[in-house]
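In the two complexes below, chain A is the common chain; its partner is chain B in one and chain C in the other.
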Partner chain A sequence: MNIRNNIALSDSGFLFDPSTGDSFSVNPIGMEIIRMIKGGKTDPEIRQYLLSTYQTDEATIEKDYYDFLKMVEQFHLIEKTDGKEKD
Partner chain B sequence: MEKKKINIAISGLNNVDSPGPGIPVIRALRESKLYDVTIIGLSYDSYEPGLYMEGMTDITYQIPFPSAGQEALLNRLAYIQQHNPIDVLIPNFDAELFNFIKLADRLKKEMGIHTFLPTVEQFEERHKANLPEWGEKYNIAVPKSRMIHSVYEIANLHHSFTYPLVIKGKYYDAGIAYNHDQAVGHFNKISAKWGLPIIVQEFLKGTEVNVTAIGDGKGNMIGAIPMRKQVITDKGKAWAGITLDDPTLLDFAAHLFKETHWRGPCELEMIKTAEGKLYIIELNPRFPAWVYLAVGAGQNHPEAIVSMALGETVTPFTTYESGKMFIRYSWDLICDLKSFETISTRGELKL
Partner chain C sequence: MKRLQYERPLIQRVNTGILNKFGTRTEFTPFTHIDDVSVKDLLQQYGSPLFVISEKGIREKYHEAVRAFTNRYPKVQFAWSYKTNYINAVCNIFHQEGSWAEVVSGFEYNKALQNGVPGEKIIFNGPDKTDEDIRSAIANKSPLHIDHLDELYRITELAEEAGVKPEVAIRINMDTGIYPMWDRFGFNYENGQAWDAINKIILANKLELVGLHCHIGTFMLSPSAYAVAAGKMADLALGIRNKFKKNIKYLDMGGGFASRNTLKGSYLQGADTSPSFDQFAEAICTALLNAGFLQDELPLLILETGRALVDEAGYLLGSVISNKRLADGRRATILDFGVNVLFTAFWYDHKISPAQEFSHYTEDSVLYGPLCMNIDVVRENCTLPPLRKGDHVVVHTVGAYNMTQWMQFISLRPAVVLIDKDRNAHLIRNRETLNSIEVEEVMPSYLKDFKL
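Showing the complex of A and B:
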């Protein structure tokens, strides 16, 4: 999975999709996740980072993290190749 | 570089909740890097706000309604020409365009007034009622539609359409009908206001996107800016919008210009489906009221139209800024009754 190249993310967590004109707000953890995805981190690396940085457990991380990714996917912020989403 | 002094006549000064493009076009021309413009406003009604806006028109003349015919318009322009010679004229109302297109050659030869307008054929064939034939002729995707002349025809629509449907007036207004009763309601309401025929159109589910663009009449697109409406009024007009970075929209527009050889400004109203397929739902044969957004994004289309009207070669725009927004606002102008009296009785006004 990768966030589309033209998606802009500001320091305030404002996310803008220039191809649709849609804009979104993400909280600081959402910003961190999006930046890590854009930076090429893998799923296990991101989950490990979240587990070691925040006071939570693996099950909660897994649930919230995949919930967030699903939302990002639903808003078409994922890069597509040949009509298929990159994993 | 010294700017060229030029007198430009502009109509569409009705800067109301469903605004005409006149004031945005004037603002674009006032920011021209090529022309030092004197703006001659052309109005139809003493209540058009553009008449009273400081810094917009230098002088405004009332002109006869389109229904008065081409000779009446020609006579009025001849009068204006004696007092404030017009170099270029940009008409901005759908209803007046036919007369200006028909008069374009005479305006140029007899009065030296330049225009850059679509041909009569281009203007006529893209009417809403002709859209299916137009789409087929130029290989452009359009929604399935047909004209109806009687409310009784609605009962048989289910043979060729499925609900929901869009019920449209020939020139203006539209409503979405989810069943027969709603279709009858829209038919009666729209036909009472705008006449017959009524256009029944397939409802396309997707995002509406618009493009303001200009063509050179030889198959080339000179400029194009795509926009998505962010706030829409109850009349369906954009109250806020944002420029998009979507190459598929520009490719689609370029294909349209290549096929149709459209000449002059236009607004393409499109639906982009969830699958990414684009359909034209309307082609408006003039600048849209949001054309000033194009200037804000880096393409001054009205300036380019003036150059093309003067026969100059214009290099196509290749870039613009995406993520540029516009938001309209309302503002109460305080005017002297004297100004209203002058335009109402003398038919011309200089603030």
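Showing the complex of A and C:
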């Protein structure tokens, strides 16, 4: 899974999808996750980073992280690495 | 390394469409203290959820209302509407301020008596007065407001039985140009029922007609309807003076003034649309002063407003149980209070604030209560910061009708705390226990035992 190459990221927390014209607002921690995905980090690496960086617990990270990924997927911002590319 | 404050990762599509002129409304300003008392400390001490009432809020609102009417009319009396909030400590704040009591059942009547309100200062309204209630009201010289002819006849019989001529008023309903027109209570003005009742009472000479009462609706957003009502009430009072040479002592204009809550489906916020006490007072007092009473014959103006006096002084504090994602992608937040204790969630979009600091990111969420019932929705949609399990929220403007209409359904009712003028918190109603409910149950002996 990766963020599609044509998705533009701004430093201030905006995503732009040129294929649909949609813009998205992302909070700082969400932006960190997106950059890590783009940077090729794996799920366990990202979760471990979040756990060591933020005052929270593993269960919360797991719940919120996968919920966030699901939303990113629903907004068609990712491409699957198994060959089934999502637009 | 010190770990950073955690906030749930959020991504939201930016919607650029037609917004209303106020833009997107958010409610993320944290509300951490009520009258300088920490919300967190209150929840820690008394548990969650918790109703909190600000005594300062009540007294200030009451003074505002009294000032609005007494500045415009010489004889004004407020009567506290027990059904709006009949927790004794709340009632007694109003009684300390000089309010009489206005009750609509034997239960409320006895509550007012037990609170120490003199009988002649308890107005007894409502369509259901038992013989016991009527006898008690007659003995205590409480003004009985008659709702229907059956009640009129029964009061007459019981007064004869007691050998007294009790003071009564009749409730009038009328068309004031609003919808819905309340015509289920009292006698109609337009079709002559009101005059029929007046004639019966005065000509029979068994009851002393001292007042006329009306209550034209609830959550009224149009002061002009009260001007129409006051005009019609004055017309009846002047008609009685002309026909029977008898002065009506008081006109009771009831209540129904809107609070600052926002009704579901309304375009504007309640805080922007609800008329002020000054607007209601201007409408009512101007109509009465222009009606044609001689100066020394002006009737006492009684007001029974409840909601507008106490709603804003009440808060409901609660906690987040969980967050979840609904099938259609919407965020849902489950709170530890629902429609069982926040009954007014059925008709208001209550303002709900987080009780702790957050970043400026927000998301839309459905707010559910804890009941295992589909109807338990506190807000269909509310823009809030990303709340975590255990975070606290404050529901505003809940002082009216919740602490009387709350249901003991599925869970027990919470405690109620009053914050006094010196910022001290007083427990004024205990959190219910299993025993509070079971004490009224009776188990037949053959059902006591079973084997599984």
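One rule holds for everything that comes next: the second predicted complex is superposed on the first by the 80 of 87 C-alpha atoms of A that agree within 3 Å, B and C clash if a C-alpha of one lies under 4 Å from a C-alpha of the other, contacts with A are read in each partner's own complex, and residues count from 1 in each chain.
The rule is short, and it goes like this: a residue touches a chain if its C-beta (ideal position, glycine included) is under 8 Å from a C-beta of that chain, and two chains touch if they have at least 3 such contacts.
Fair warning: this is a prediction, and the values are worked out from it, not measured in the lab.
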Superposed partners chain B and chain C on chain A - clash or fit: fit
Which superposed partner A:52 touches (first chain B, second chain C, both, neither): second
Touched partner set for A:6, first chain B, second chain C, both or neither: first
When both partners are placed on the shared chain, which of chain B and chain C touches more of chain A: C
Partner chain(s) touched by A:19 [first = chain B, second = chain C, both, neither]: first
Chain B versus chain C as contact partner of A:40, first or second or both or neither: neither
Where chain B and chain C come nearest after superposition, their Cα distance in Å: 6
Residues of chain B that touch chain A when the two form their complex: 207, 227-228, 230, 241-246, 322-323
Chain B contact footprint on chain A (complex, rising order): 6, 8, 16, 18-21
For the chain A and chain C complex, residues of the former touching the latter: 14-15, 22-30, 33, 52-56, 60, 64-65, 67-68, 70-72, 74-75
Chain C residues touching chain A - in the complex, by the definition given at the top: 1, 3-14, 325, 329, 359, 361, 386, 388-389
